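Okay, got some structures for you below.
Next come two complexes, and both contain subunit A; in the first it sits with subunit B, in the second with subunit C.
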Partner chain A sequence: MAEDLVTVTIEGTQIAVPKGTTIIEAAKQAGVLVPHYCYHPSLPSPAVCRMCLVEVEKAPKLMPACVTTVAEGQVVHVNSDGARKARQGVLEFLLINHPLDCPICDQAGECELQDYTFQEGRAGTRYSKDAKRYNPVEDFGPDILYVANRCILCTRCVRFMDDVAQTPVLNVSERGDRAFIGIDEDQLLDHPWSGNVVDLCPVGSLLSKDFLHKARAWDLDKAASVCPGCSQGCNISIDTRDDVVVRLRPRPNLDVNRHFMCDYGRMDYRWLNRGDRVEAPLLREGQRLHAADWDTALDRFGQLLRDAAGSAVILASGRMSTESLGLVRSLVDRLDVTAAVRVPLGEEAPLAGIPHLALRRERTPNADGARLVGYGTDWSAALAAVPRAGIVIVLDAALSAEDVAVLQSARAPVVVLGTVADDWLRLASLVLPVTSMAEENGTYVNRDGRLQRYQQARSQPGMARPAWWVAGEVLGGPGPDADAPATAAEAFDLLARRYDAFAGLSHGDLGFSGRVLAGAGATASGSAGGTR
Partner chain B sequence: MAIGVKVLKRPEREASYVRATLKGMALTFRHMFEPKVTMQYPEEKSTRDERGTWTLSPRWRGTHRMLTDEQGRSKCVACGLCPQICPANCIKLVPGEDEEGNRYPLIYEIDEFRCIFCGYCQEVCPEEAIHVGQHYENSEYTRGRFVYDLERLSAQTHAVSTLWDPSDPRGE
Partner chain C sequence: MGYPHPSHPKETVVLSQYFGDAGARSYEGWTRRGGYEGLRKALGMAPDAIVEEVKASGLRGRGGAGFPTGLKWSFMPKGDGKPHYLVCNADESEPGTFKDREIMRWTPHALIEGCAIGAFAIGAEVCYIYIRGEFTEPWNVMTAAVAEAYANGALGTNVFGSGKRIEVILHRGAGAYICGEETALMNSIEGRRGNPRIKPPFPAVAGLFALPTTINNVETLAAVPQIMVRGSAWYKGLCLGNPKSTGTKLISVCGHVQRPGNYEITMGTPMKELIYDMCGGMLPGRTLKAVIPGGSSVPIMTAEEAESCVTDYEGVVAAGSMLGSGGMIVMDDTTDMVYQIWRLAKFYAHESCAQCTQCREGTSWTTRILGRILEGQGTQEDLDLLLDLSHNMTGTTICVLSDSCATPIVSGIRKFRGEFEAYLSGARAPVLAGV
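On to the complex of A and B.
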């Protein structure tokens, strides 16, 4: 609608944006970054930092770009002498009391104060004769430290707790140059989403105790992924250092998690670094399991599948990719299949200020993807079917002692596609090492039917391969098969040919923000997906 | 087929060794009265006398030394700049936290075999902790001993390099 669009000129670029857009957002669309501290797209703007002042022609003075809305014919200069001088002044004031401790600051390398000072700040200080203000480090809560000296009082954390988490425990205490971020005396920053204040902090003032001193920002390799913590499917970035996952951070996706993720998901990464992994295929020879190569193991798996008669049981983990779940399910299509994913339950913890965002009760990322490819969530029913089954496939499921007892009663061969070298693996006829979600590419379907890709963050241990690769090779039959999927995208294409829910889709269609499956609402309640 | 060998008659004064020997002896003898310039290396490490001046340049970049504070702890805060700048990738650093909450290196190792002695680590260090030093006698019995750990780096006592100063390019 043409009447709702406003044409503005920003740094010489003409751009049409909807009425009511702020200059800072319009500039972003024009490819111009307006330096800012207090502004954040998911928070209300108080315009307190004065960093985003820009020159608007015909305006009497500089305007804060984060709260000034665009007007027809407006001409904005972000890098004019006036705007630059204003920013340099702001930076100089911020640095009067900011300690020069970048070498020991965790934020160094991803610090906005560092970046902007380097870009356009003054080279020297005019305040060196004055002592800097000093405040001790405060412990704000289970995972958060507050280093008052580094604080630039942008108040993003205060606004996050007030307006997004709606648990106002933070405030700005004192005034003027004595101001700092205070916390209510008898309160802790222990809201289930409070970890976001660390990401929001533009400087190193709010720190995660978990990540403290672990790695420098420039050491980290980042992979776009999806949180494996619950069925919400928040977009995350997996940060690794030397092939070890050191932290998870939210990745913006305005349709799912905006810019946030919960503390449960944030801390739930240590299992990705486990060292006790299955690293080679293990074949049963009499009473013992022997390591073997993949060709032998795949032949044995195919033989076990051909020999199986009657019914099959698949006990799967909800952390498996849709490709893996679907293709493993396809292996036993000719049998009577009882397939289930285990869905651990927990407390729901919503983020009040963002609709449809919560740490969900179902603490597994792909229960809905599993439903679409013919898995149920009735774990006990699947267990009950184990003793009568013709073949049992355990797809990386974590088994309790009772589950193992049931597995012991199975007469049929047990095939384990597993990541962790548990004790009960000795029950298996065949153990195949598979990769965890951080070591493969794949897709998850979240509770709203949104199909999202995740990417490999670290290398696979030993001979482990993705479970979809194993299933694809076996589906192709014995011997080399040129059509077996070699990449996750090919595995997904194979999946889309076999399951209606994904028909016509490919990895390329998903991009970085995923795609809602057609008829997601209807299938989410159904137990078994249509298998062609 | 016979090879035709032509035998030349050498002049008498060239065929005799006596003349050449005396010539050589004369040269040797003459040197006994000339100023001595040889530095007796393992015993002497520098000269600054009538033989001339030979000392290690203050900018010489040899094996490393970690400086320590008054309490004997290394000055390193594990900021991670030296492993980042190192063109030979010879510095291994794992940061940690001590009892007082200070950042310090849990592991700090320099592989002196891999080091190219560029001195960037010293130049980049914000705490003036790691230095390349004026040290060149580095023989060891095993290759492994050339990976210097933090303890060994801190125990070094040799003088450190002054590096190249752009405002004084000729070192004067």
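On to the complex of A and C.
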């Protein structure tokens, strides 16, 4: 056994963990959850909630598992009578001043106070004769409300602002049971990453105004996804209620975003719910676009591609999956191709306490995936090539008035694989309804060359299909094609056969935290995928 | 001496010799009374030799825990190349304790000298004295004395020409009881909220400003010059009880005795002599009911326990309590124990730093239950609840404030249950209506 490993027994399970591991983390590895409130793996541990007290054999009293490090031969009991009684005591103390307003509390259903109380708290109260502490609700910032009455003073929010955001605007004010979370006068909780305090709050004390009373936690469906807001590629969960996206939340990935996401990414989800969608393929007949079935539309697309000569231009959105970008690019291989994704730029907003984590200037999730499959980011060069092109494919790119004016000058047919029914679609020879990132499976490559999967969170509208499916069907030629990819994983397999960067990889290799592509540097902006 | 009373023959006057003697406050007056001899002697010794001398004396921490001082000093790392700090805890906020105040008021140079010796012994160049915010007069006296010590070369970059740098910085607290807890005190000096820290790391490893630190009580440090001058054997010889408790101890006696005051006793003096001889006994016509011997945080003793108790660390433990800081609260037969315990709990509820759940919520909850009992609204279940809550509040938190609140409740209910029952049954008329 390696010298720096320590063997401990936790709830009868013997495990070896690195020296310096806390009992709470060692227990996780042994498959034992030590109930806790103030402890969070991405924050310093103050050991104040005292919920994680465990019995360590030979120790004179119960030890806080969050700050006690393992020792060789240690035997830990998480569910001994003493530890249980202590936890029950803490739960009781936390509840005496906690309102029983779960029916109107957003946290209900995902509340750690509710969960642990249900699990091992007292059935009844012994605090029946006295009034509960009352403090009014405070408005902390643009999106955050503080419901002091529900606060259990775990101080996760204070520590996040102090140690992670390094903008210490929150504090513990007052002493004893009069204590509450205070905010510095003349300050707001408006840091670009402040929304994380809502996720960190183990109870319903810090609430998002955006999500306020929107949905009950148990009515939500969750899909593991990747934030489409910028090139960082924070792992997220897309939470939907009845097929409507109601919020985005960070999903832990210690290598990318730890447990956090920025407010820009968090709030930028309404476009996923847009109702003005293209729901059927539209074919040009003279001056008008007519709805058609997919077979007809795919045949038309194939014909337009076969008829095209000279050069092709692809104007793409950086929110498209690598699979869609790659397969659509394959459609025009025989032509001289100018393909570009538009990369909107914004201010960088770092999270000071976490190296390599920031809201990035490049506000699109897959510019690097696009580069790997033959796209540039020089939007104006691509636009300039439009008038002389033999075919123009718009891959769900959002076009400005100037872009549309250029498109009008195209002599060649314009094929749009789009989501939103914009006015300028009138210019198109063919419009094919495709899915947004929330409606499909796919992958993005973040700025560090990490290939990450995202999963479908809601159903696609109407007849919309993923763009890779459209391209796959067209690639196989007219008529039914058994070899066309039926899933995003199969579409990716085609890319893996074609691009060195993806060689040997499949969706199954990526898991929930992705994989850094071979040859990717600190930023993959320079990395290029050669074609075979 | 039992300041403000004249010294009693049964006292052993060492630290309190000049209480009430305004002439001892000045540098010049202090040196004329033999002051700074200890520091001069210490500067001629190796730091390790000083530590050994203090170890040999048997001196133990006078702030409450009674940890051997020399041993504590020996925990400081040697040759680590880091700055070390000595911190003097002059926050004296334990209810019933008022000995450090008198040391600072009358013999400020005894403390400064002790600080300088201690700092030298542990390899520290800087000593902070953290003085309780409410101590206006001691603050003023100490401020003047420190200035004088600097002016006379007893502090500064070249103490008494030895080439040693020893600085003393006075820091005034802002009135929080919890800042008397050593790690909260260090947070307070650093400008943080006065919350106790988790141990480990212990102060000797990472204390003030995360550097090796020793923290000692005023009375402890004030005794060090005496040990330097008179020797450890003399100090060790001051012992009437258990040989592990040596020297003299200032006992701050308050409550229902004839002559409340600070009494300096040899360790091992019977508590009975302290109460009945030195303090002149109970007030006329009254009898002893209870004693809280070591500041409000320790278990309450019954009259019988107190009268048979030997006043040293081991003796008071044997009698079911703790010597603590030596703040002795004497209560006679007119005392309403329920009320007194409620008052103590209320203090702790007010002073809880709010970090740990059991303390933040438990101190207030128990106070409310006790208040309800005093209002005549209590039930038998309330006593069981108090005991169970006290159990949950004991040994489960970062510091011992929570335990300190539970201690008088548990000992009070156990030893004076009848008084609680009287409120529950209605035999005693409610007080505190509407509290």
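One rule holds in what follows: the second predicted complex is superposed on the first by the 524 of 532 C-alpha atoms of A that agree within 3 Å, B and C clash if a C-alpha of one lies under 4 Å from a C-alpha of the other, contacts with A are read in each partner's own complex, and residues count from 1 in each chain.
Here, a residue touches a chain if its C-beta (ideal position, glycine included) is under 8 Å from a C-beta of that chain, and two chains touch if they have at least 3 such contacts.
This structure is a prediction, so every number in the text was calculated from the model and none was measured.
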| item | value |
| --- | --- |
| Which of subunit B and subunit C A:Lys61 touches, first, second, both or neither | second |
| First, second, both or neither for A:Ala464, with subunit B first and subunit C second | neither |
| First (subunit B), second (subunit C), both or neither touched by A:Pro103 | first |
| Partner chain in contact with A:Asp130 - subunit B first, subunit C second, else both or neither | second |
| Comparison of subunit B and subunit C by subunit A residues contacted | C |
| Which superposed partner A:Cys151 touches (first subunit B, second subunit C, both, neither) | neither |
| Contacts of A:Val172 with subunit B and subunit C, given as first, second, both or neither | second |
| Partner subunit C, residues of subunit A touching it in the complex | 46-51, 53, 61-62, 64, 67, 85-86, 89-90, 92-94, 96-97, 126-127, 129-130, 152-153, 171-172, 174-179 |
| In the complex with subunit B, residue positions of subunit A that touch it | 102-104, 108, 137, 212-216, 218-219 |
| Parts of subunit B lying in touch with subunit A, wherever the complex brings them together | 77-81, 84, 95-97, 101-103, 126-127 |
| Residues of subunit C touching subunit A in the complex | 176, 178, 193, 198, 349-358, 360-365, 368, 372, 377, 385, 389, 391-392, 395-398 |
